[in-house]
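After the structure tokens below, expect a handful of questions from me.
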Amino acid sequence: MTDMTATYAALEPSRAEKFRQRTVPLIAFAVLLLVIPLFNPSRSMVTLLNHMGITIVFALSYNMLLGRAGLLSFGHAVYMGLGGYFAVHVMNWVADGSGFWGAVPVFTMPAFGFGAGALAGAVIGWPSCRRAGTPFAMISLGVAELVAAAGFMFDSLFGGEMGISGDRMSGPEFLGLSLGPVDEVYWFIAFWTFIGVLGTYAFTRTPLGKLSEATRDNPERVEFVGYSPQRVRYLVFIFAGAFAGMAGGMSAVQDEIFTPENLSLIPSGAILIATYVGGIRYFTGPIMGAIIMTYMGSNLSDYTAGWLLYLGLMFVGVVMFLPNGIAGIVYGTTDTIRAGRLGEVWQSWLIRLAGLVLIATSVITIVEVAFRWSEGYGEVFEPFGLHLDTTNLLTWVLGVVPLVLGVLLVLKSAKGESK
Amino acid sequence: MTPALELTDLRKSFGPAKIIQGVDLSVGKGERHAIIGPNGAGKSTLFNLISGRFMPSSGEVRLGGELISGKKPYQINRMGLSRSFQVSNIFTNMTVRENVRCGVLYSMGYGYSFWRNIGNLKEVSEKTAHILDEVGLLEKANLPAALLPYADQRTLEIAITIAGGADVILLDEPTAGMSHSETDRAVALIEKASKGKTLLIVEHDMGVVFNLADRISVLVYGEIIATGTPEEIRGDAKVREAYLGEEAEDAA
Amino acid sequence: METLVFALLNGVIYGLLLFMLSSGLTLIFSMMGVLNFAHASFYMLGAYLAFTIMEGTSFWIALFLAPVLVGLVGMVVERYGLRRVHAQGHVAELLFTFGLAYLIDEVVKIFWGRTAVNYRVPELLDFPLFTLYGAQYPAYRIFILFVAAFMLVALWYLLKRTRAGLIIQAALTHPHMVGSLGHNVPLIFMSVFGVGCALAGLAGVIGGNYFVTDPAMAVQMGPIVFVVVVVGGLGSLEGAFVAAMLIGLLQTSAISINASLADIFGFLGLGPHTEVGEITIASMAPMLPFLLLVLILMIRPRGLMGEREV
Amino acid sequence: MKSTVKAALAAAVSLCAVTAAQADTIKMAFIDPLSGAMASSGEPAYQSFILAAEHINANGGVNGNEIEILGLDNKISPKESLVQLQKAIDQGARYILQGNGSSVASAIIDAVNKHNQRNPGEEVLFFNYAAVTPAFTNEACSFWHFRFDAHADMKMNGITDWVAKRDDIKKVYLIGQDYVFGEAVAAAAESQLAEKRPDIEIVGNELHPLAKVKDFTPYVQKIISSEADAVITGNWGQDMTLLVKAAADAGQEIPYLTFYGGSSGAVATLGEGAVGTLFQVSELAANQEGISDEQNALVAEYKERFPDYDYYYHRAFVTLEMFDAAAEKAGSIDPIDVAYALEGLSVEGGYGTATMRAEDHQVQQPLFITTVSPDVTFPVDNTDLGWALVEGGVISAEAAMEPTTCEMERPE
């Protein structure tokens, strides 16, 4: 019998494994959050980091639906928006400072956002979650359009076009943070990002979290082990709404403003792209996606007018060729290295990398030249001192030859791998 | 004593097609009851009616005396009836252990719990391990279910079905597509797992049926034409005529 | 009264355009299960291509050539894009078309600029046909009516009277069966996708100068087309037609109703100066299709005339 | 997880290097949509500022310092604007230029106020060149905000002034978008007309859904049956284009007086139908007598440089000219000094004198009523049509002036 218990215990990951796989990454994440300020980032860098934190929580909440429960939503920004709006209202009550509200620190806003998001999820989820798949997606689209339209109609709640702004420096200080300067806001965001990551991760470890995965894979079977798939989806939906609302509460403090535009299809589409590009099959996928997309969204436009096109190409590329997203590459690579198979694959990887670089060369050439041509100011794309205008033969060579070569190389490496 | 499962004049039609035309059946507690019949006789439909997947057009299904027809599958499951599927119906993206655990969870009282760490639920882990051990999948516990060989997937199907500890178990062709040795192992497993429980089984393999069942019902064109012990069924002229033919001789 | 007549007339034209757009999507959606997010982008592509062709030649050539070109683009997209993604399931397909819509938007901006182009009604049709209640009625709108009616008849003929149509019809209701009957399913998919896109392109050709041809036209049309398809029902062109007309009329006539919610629900104690009471039916007009969408999906998931659930 | 950490670290380190502000350039951050559908409003303004800066730099710069315009794309989102604002400030920009969208402007005013309060010694000024919500220079006025465009009520003053002069206009129809701005425009039109021409009858006051109406014929039909002699609308974007298009299609030939008729693409879409129908009020009337050769050359130069767009944002040039003059007057390029110097400052613009009113930081300048005409020196949208001044279309700065309720709080 002792023997048996030992075998049973071996099923579960050992304490050491659990610690290594679950606790260490979380500690590393916390340490990372703590050491970032040591690098003395600029204020715009901190602002960007803060937005990354917000997007990370938002993307993780979105992946509770898309990745874990298999529910494709086109209206997730509704919950972040409603949570955020509520938090801004609370901030204004705090600023008025009477009675109970006067004692609430602004630091706790994400908790209010969490509550409002959960409530919104509970109300809207009730009709939406009765069906999964395409009907769910379509309902979420319809609801998003309706809520966004309502955002412009009810000025007292949403403040019309200009939205509602608040002041994060009101109310009692918490942990000695005035939340005025953006680097103090960093600590606030870091704290709540950690809570968000921890919370969404913990959720995946609960019976409900596991059931949501089961429901994604096989809703019918779930029904025959005693669970209502609709109920599972509904509960997951409420939690996803809650964490989205929490991200909204973080954003309310960081940006001190919410506008009806925050409820619309545009941010909903953006979070879908970020999450998917990151990789919906992995817990860390949305985190990677959020970091990359926030960076690209705010900074890529400094370098090229074609940033939206690059974003679109990247998204379509991921959908077509990398269904597991960036996280898929990262984990695939580390797994291969860990398994000691680098020796077998490095050649094919190198070929593929070379192919991708060639393809990127062509794509960038084409896009940049096309954008300059389209603007018609006679500006010319001049990388590395080359003068690439539309009449230059080299432009066309660079636009076509590396593309063809690159595709051939990638195909070759794919063939090699399948052997 | 109330029968574990009782069907009264159960009927189901899809449009004009009458698939089940008035089935009466009573399965006693602890009985192993097999349903046989030619293809298209409505065996799977009957299972779907009992387990709540389909709504009966008329008639009643009672589980331990309580009316269950008209209830949702998950409600019926919670009342103590669990079923398996003819085509493996497992959670392919999860590991074997997680699959079984899904089956265990509700019965251990962890409904839609979102405040507990699933890894810390000791009873759940032990029960899961116990069932994995019982069905012989302990070694493959951490494999993704999709990677299991076919026979193991069928076994997993049964494991999920019995995991919740239901008193009444419905197995839909548990040995379909298995080799002889695999079938033997499956039968042994079913015998072991259904000890003290009520079992209703649909099966094509007559060897399995006659070995396993206490009683047998023969379903032809949506009607039960005979119910009895294996001997009675073997001797029943109507059954021979309608269905068994020479096959029965061989199986016996 | 006058307003109502105009609202009805325009509602019918708008409805027909919507139908032209959504008929293709209904075919694609029913058969392949792909809710093509980029469908309205093909509509935009049709308008822009027509504009360019018209600059070089004439509107009449554009009327034929542009839809064909759009159809070809659609086929290429299906062959080299969608088919590849198909194995990963419907969500991936949906996301692919979502990204594609994004790309087409950007490419259109590169080629034709970010502002509206001067895509005009052909001179031959640029005259007032008749005067109704003091307002002139442009002949071009009646032309739209004719083109739409012609397309309707042609589509009906194609589907009900030709062999290809029979196969497509079978595929609409039983997409899995057609392959078993020995037909080349990928070819059928590609053709249907192409034809669907060409229809959207045609809608673009005649709708682009009726409305405005600018890079935002796809985004504005996109969600409405979904509504038509879902409300109409899976596999049902008749349903799509009814839904398109319904939504066309709903949108154009609701904007001419000045009543506010307070006028309607005043008896429930809704004050005319409360925030809810002030909302007019007209201002709710754009929301109505989406309300309809949500309600239909909740109450009658088959849609108005669909044969299967979405 | 590990690799995430590494990637994030690498990104963090590489980004921490801040570009230090060079001493001899004045960085001005242009924060407006430079991509996406709204780029057609942001781009031409951006180009106008670039051209204006080039001219000033060629003439010796601002107190010897060169102006550099940093283009930052805010994707017309208020939140993204705040990210870009922070970026601009970190890159050393102390002057912010923005105009598209009152929601963005409002967010920036709020953020600049907070920034200046929280970071003394590092003040930033916001030059608003197009956001017209009157509140910005009234109850919500700020010392840090300067508006170089006439606000909505002033533009309406221009329109109603012209309408008042036209005796043949007896009935006016108001139509607008159903949101705060549309409501405000209608209210202003109503009260101003009642004051200037009590005999004019408002035969319709209609709000329609924002950016959702595909076909305005039913509205035009209402306008026709009301027998209106003129229509006033604050519509922008496609709501403006489609409205006028429907009117032209219905053969209506009464003035449609707009704020935004001159937006890029409108004339292209409407074509001949716009002639005699589409009117706009603006600080710019390129096709008129008595304009200096220098100004005409500038308009031509703009078109040559940026063939996609037309000289429309005259106020961009006025903005930088006033900035130049203020810096010279203050003998400093520090934002607070410049702000004080700007108060009450006048410059001679290409189309009249512009004065920055000290009480509310609202520019006062003449306005013009123009209409689409085939007979012009400077056509627009690459068509043969352009904006010609109408009779009685010159509205003096005094006539356009509006009182203010601003109670400015100035720093010590």
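Order as written gives the chain letters A, B, C and D; numbering starts at 1 within each chain.
Following the convention adopted for this analysis, a residue touches a chain if its C-beta (ideal position, glycine included) is under 8 Å from a C-beta of that chain, and two chains touch if they have at least 3 such contacts.
The chain list, named the UniProt way, goes like this: A = Amino acid/amide ABC transporter membrane protein 2, HAAT family; B = ABC transporter ATP-binding protein; C = Amino acid/amide ABC transporter membrane protein 1, HAAT family.
Computed from a predicted structure; not experimentally measured.
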Neighbouring chains shared between chain C and chain D, ordered by label: A
Mutual neighbours - chains that touch chain A and chain D alike: C
Label of the chain whose CA centroid is most distant from the centroid of chain B: D
For chain B paired with chain D, centre-to-centre distance based on mean C-alpha positions, whole Å: 74
Centre distance in Å when chain A and chain C are each reduced to the mean of their C-alpha atoms: 32
Interchain centroid distance [CA atoms averaged], chain A/chain B, Å: 43
Chain B-chain C separation of Cα centroids, rounded to whole Å: 49
Chain D: positions in contact with at least two other chains: 308
Per-residue multi-chain contacts in chain C, two or more chains: 113, 283, 286
Junction residues of chain A - those touching two or more other chains: 155, 308
Chain pairs that touch, as defined at the top of this document: A-B, A-C, A-D, C-D
In the complex with chain A, residue positions of chain C that touch it: 33, 35, 81, 84-85, 88, 90-92, 94-96, 98-100, 102-103, 105-107, 109-111, 113, 223, 226-227, 230, 275-276, 279, 283, 286-287, 290-291, 293-294, 297-298, 301, 309-310
Interface residues, chain B side, partner chain A - complex: 51, 53, 72-74, 77-78, 82-83, 85, 89-94, 97-98, 101-103, 105-107, 110-119, 121, 125-126, 128-130, 132-133, 138, 141-142, 160-161, 163-164
List of chain A residues in touch with chain C within their complex: 66, 70, 72, 127, 130-131, 133-135, 137-139, 141-143, 145-146, 149, 153-156, 265, 269, 272-273, 276, 306, 308-309, 311-313, 315-316, 319-320, 323, 370-371, 374
Residues of chain A touching chain D in the complex: 25, 28-29, 32, 36, 39-45, 47-49, 51, 152, 155, 160-163, 165, 167, 169, 180-182, 251, 255-257, 259, 261-262, 266, 284, 287-288, 291, 295, 297-298, 301-302, 305, 307-308, 330, 333-334, 375-377
Residues of chain A touching chain B in the complex: 4, 7-8, 11-12, 18, 202-203, 205-211, 213-214, 216-218, 220-228, 231-232, 235, 239
